[in-house]
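As structure tokens, the structure follows; a few thoughts come after it.
Labels run A, B, C, D, E and F following the written order; every chain starts at residue 1.
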């Protein structure tokens, strides 16, 4: 199968990193096609960034559909544009936050989320509510590490991240940790060894769920909320969406 | 004061209509500046449409700020891009759905929402939850009237809308009606007369709330969630947002 | 328009104070008629006080109706007797807590409430739940300043109040402050300057909402919950309510 | 023990009726002292009626305390003035709605409530929420039988009540019925025989709970919310509450 | 009446202790029949222990039915097997956690729970949610006292328990204390005297509720969820349940 | 990998059926070991059946651990004994209801559940609440098909099942269907073709999730709620659990 792995941030470093993570867990016959939009912010750290990136990433969904991919993954912890993507795609679309919550809930009673900037906390809380995992989450903690600083992580950054994970475990009662940014994908194994609890990266979780849906021949229902949008005129920068 | 009244649909007919509604209730010294984006869908009737329109309308927020407006109104019942707009604006930003829920709750115990397409029902339900009005809403009903058909309403369309309002009152126990589309703005008075319950249009509600905030010298808190986004690089179609 | 501004506490000092606050923000053609009941407790600081005051303030609602007012404001943060008042009045009735929550939610993502006595915390929490603003509130904090001590505020009292506001901002993440007593009405501007976040006083918020409803010709729905009570016999001290 | 059984409606017929019900289940050494206020509405069927009755019934709580009763029961399904009564009383105060919900939840998975007027439905729903029984209630149904018509019930009234109980069982899935008015107290046994499900009357439920608390030497905590109100001045009709 | 008081732990010491507590509050004509299963764990301190004990205790329910008891009490704070027991019994079944929550809510606005092992906290939280008392609970605190150590309590254990109760009162705002283990039953009176708030033991609470239901002739509804299970084959250790 | 697939019903027919379903979707190197307990009910259709089966199935979890399996699946839609199993196992334990909800939420906005007996509806609702999927479920519908009748399904049974699925889609707005019994496992493909929406069987969903966790080297956290139970004495039928 072919998986369309989209990094909605435009930064290439993170795209490379998540491609490696995804490859490392993919089944032999799963092809990972990683890309990021040519339009939009270099990193997503506010509702403003996310609103712009959401519109921009839909082009990559459409492109993936035209290339015949079997599943799409939106590899930003805010799961931006998920509903819109499910409307325009015929193949399943998975967000990494939702994927991480699902697997975390299978291996713990309460999981903690450790994410980047303090100001993204409400976004994480909103996702927990949307997916229904609020009562299974011991809390969301911010490290105030900038997304771009995750492209090449130094020891201080790693220690800061690990410290917040420890506080989630010891103070909040987290029994597993969900990493709140695709850019932390390469740290899951090391952190899990040191923390002695499961550490869940949404990128690899989403790859496994995409493969699962594909093998079960399940794709997005086109009855109801995710039916294809009615064709209509779009203008200006978005006129390529006109039908 | 100057109010930046944004119709996130690109259709001019609706922009004209809401400008008239807004003028009709504005105080003498309130100037209404109505506009719609040059980019984006002609109407918003799906999550896909809304995701595109959200990114496009932010240009109008920025433009309004530069023109020295005193408040922004997002005149689409999904309140698209509200958080993003509040981040980049220094002046208050009001969505018409939230505005309508607020005034409806002041004049009824339970209000009903009557909106356009069935597939937008989840969006309305999400807004009720976001703002905390779910328990004060007797239900959301769709008319399956297309947004563009609201630009010039014929008798059949009016009867269909009125019929759904009556079902909201008689079957759901609605004591007031919130109109679920800016394009219904001109019908509120007539409907209220015929239905004998308050009928709330979000456009005029938002104008009054914008004036209220202005007179109380209240604007968006820049501490926390709505602080200005960090400057960063944007690429391609969105590079004008780079700082 | 004429606004019937009711201080449900019998203390004249607070009535004078809220009259001044209301006047300071009212439109030129808005007449503020401030009064307090001749019956009831001098201040409201318990469920017992509030239960007595609720029955007593209804006489002022009825009196306002007879004097042809256009709106009623119940200026006590517990919004006592709100449902009962909406039943007997033909004109809109607004409570200052609900009014403050509405405007606070327009200018912040999460607001904090700073109120008087610790034992009134459950009342505030109940109001947040009733109106649906619990998830938008970062917490309610008590100052343990007695209501009557707010009639003439000394520096110590002011510092105590400001200190609790700062804790709401710094410890709870409040982005705006709602003042939890009508008696704090005159402090909103000074506090906002010093705290650098919006500070919302329910009295002036309610005045603006009353004007808004009046200008939009919206009043309480008489279908359903707020229909006029059936005429019946009342006895003893309340026999004047017999019909 | 002595139980202060208060009918907050001023109608003597209902007071007599609930006294008989209470006597019929009381232990041999339990003395039932039934009374109704000399002030207030003859029946409680709106928020307005309830607000007036709440203030009036507190005199009977105080009087009971002075007479050395061991428990107070507020025998109106809205449980009016419950928090206020718990503040001023040293002995436990029980509302009949809360009492009925408790026993109903012990003998069924989901119970239905059958009450009087349609407009009191929100009051019942509020009580379910306050006590936390919403998820254990299959629904609240109104019979639109006036409270005073329950004083002497004819066959038509009985059939209407029974019919609504049957709909609660067959359409809503109620496994037990809670009677939503003290005036239905004498019908519980007959209804239970005919409906073949438990039928719970709050008056007798409250008597048993009052005896239970008394035998366990449990009374209202005076730490926190139900501490005695601070002494203060009351004016006019309520000046007897001054301390 | 005869009450079947079941200690689902197999330890005899606790069975003796709760028999004494139950006797001490029972009415003269109430006979307490206390027992524990011959199968199962000596104490219940994990979901595993509880799952085993739940199956084992059903034999005692069946035995009680055959002996003609009038009510069953499951005297373990997890209320194990409650739904199953209500299905197979014709007489009411009461769990001590649910019983304690009910009486605690009658004498306080917010109660705290003080229980045994930290790992049982989720079980307590689940019970609060099941019964709907989450919003009335100020928090659940663990003492990490093992259940068997409660059989004969030394001074250190008592001080640890009392200390946690004090923290519940002073830090969490508990106005009453619910004891979270049947093995604490004999400490309620002493703790209440020292803490000066109501202390509720579920065992005696359940006895009073069982007597109340019996006197009101109320028993489990056999319509719906608690109908008798369909007869079917059981195998192996459980073949005695075959019908 | 080796998967311990447990049918908690003792009926062999269902064990055979789910083994075939599981095999049909398993990866080439996944070995399915299907079994059912030697103790317990032949089918699970009440809380009583489930309580007995829960204790009985734990022996199979322990046996699987000793045989070195890599994951356990509890193949009964009530997910019985899930917490207990996670405590005693070192390898992940997955319930088929939770698994089905997860995959259903990836391919639809709202899914419906179609299950067996009416009296199991509360169990399904409890699971939706436990896992947090209530708001994503359009409703649970019962077919009143007995579990054993699913062992060899005739046309009438199939039509009854399909009819209820259609009602879920057309009346409740279900966009996908979750099959509420392991015994329906072999019908998912045919139903999906006829209904034209995704139909999710929990057995195959759980197999894919078990493989996913295995490939990601994730297993149950042993910190907190799912730590190994303390060793203690067990008596009688359960004395083999003593340590």
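Note that in this section contacts are C-beta pairs under 8 Å (C-beta built on N, C-alpha and C of every residue); 3 or more make two chains touch, one makes a residue touch a chain.
For clarity, every value in this text was computed on a predicted model and none was experimentally measured.
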Quiz item: Which one of E-F, A-F or A-B makes the same contacts as D-E, at least in over half of the residue pairs?
Solution: A-F
Practice problem: For chain B and chain F, let me know how many angstrom lie between their CA-based centres, rounded off. | Solution: 45
Quiz item: Centre to centre, by mean C-alpha position, how many angstrom separate chain B and chain C?
Solution: 28
Practice problem: Using mean C-alpha positions as chain centres, tell me how far chain A is from chain D in Å, no decimals. | Solution: 53
Exercise. Find every residue in chain F that makes contact with two or more other chains and list them.
Key: 83, 109, 122, 224-225
Practice problem: Using the touch rule from the top, order the ring's chains starting at chain B and going via chain C. | Solution: B, C, D, E, F, A
Self-check item: In the complex with chain D, residue positions of chain C that touch it
Solution: 10, 37-43, 45-52, 54-56, 58, 81, 83-84, 86-88, 119, 122, 224-225, 227, 229-230, 232-238, 241
Exercise. Report the residues of chain A in contact with chain F in the complex, numbered from low to high.
Key: 25, 27, 83, 92, 94, 98, 102-103, 105-110, 131-136, 169, 173, 175-176, 196-198, 200, 204-205, 208-209, 211-213, 215-216, 218-221, 223-226
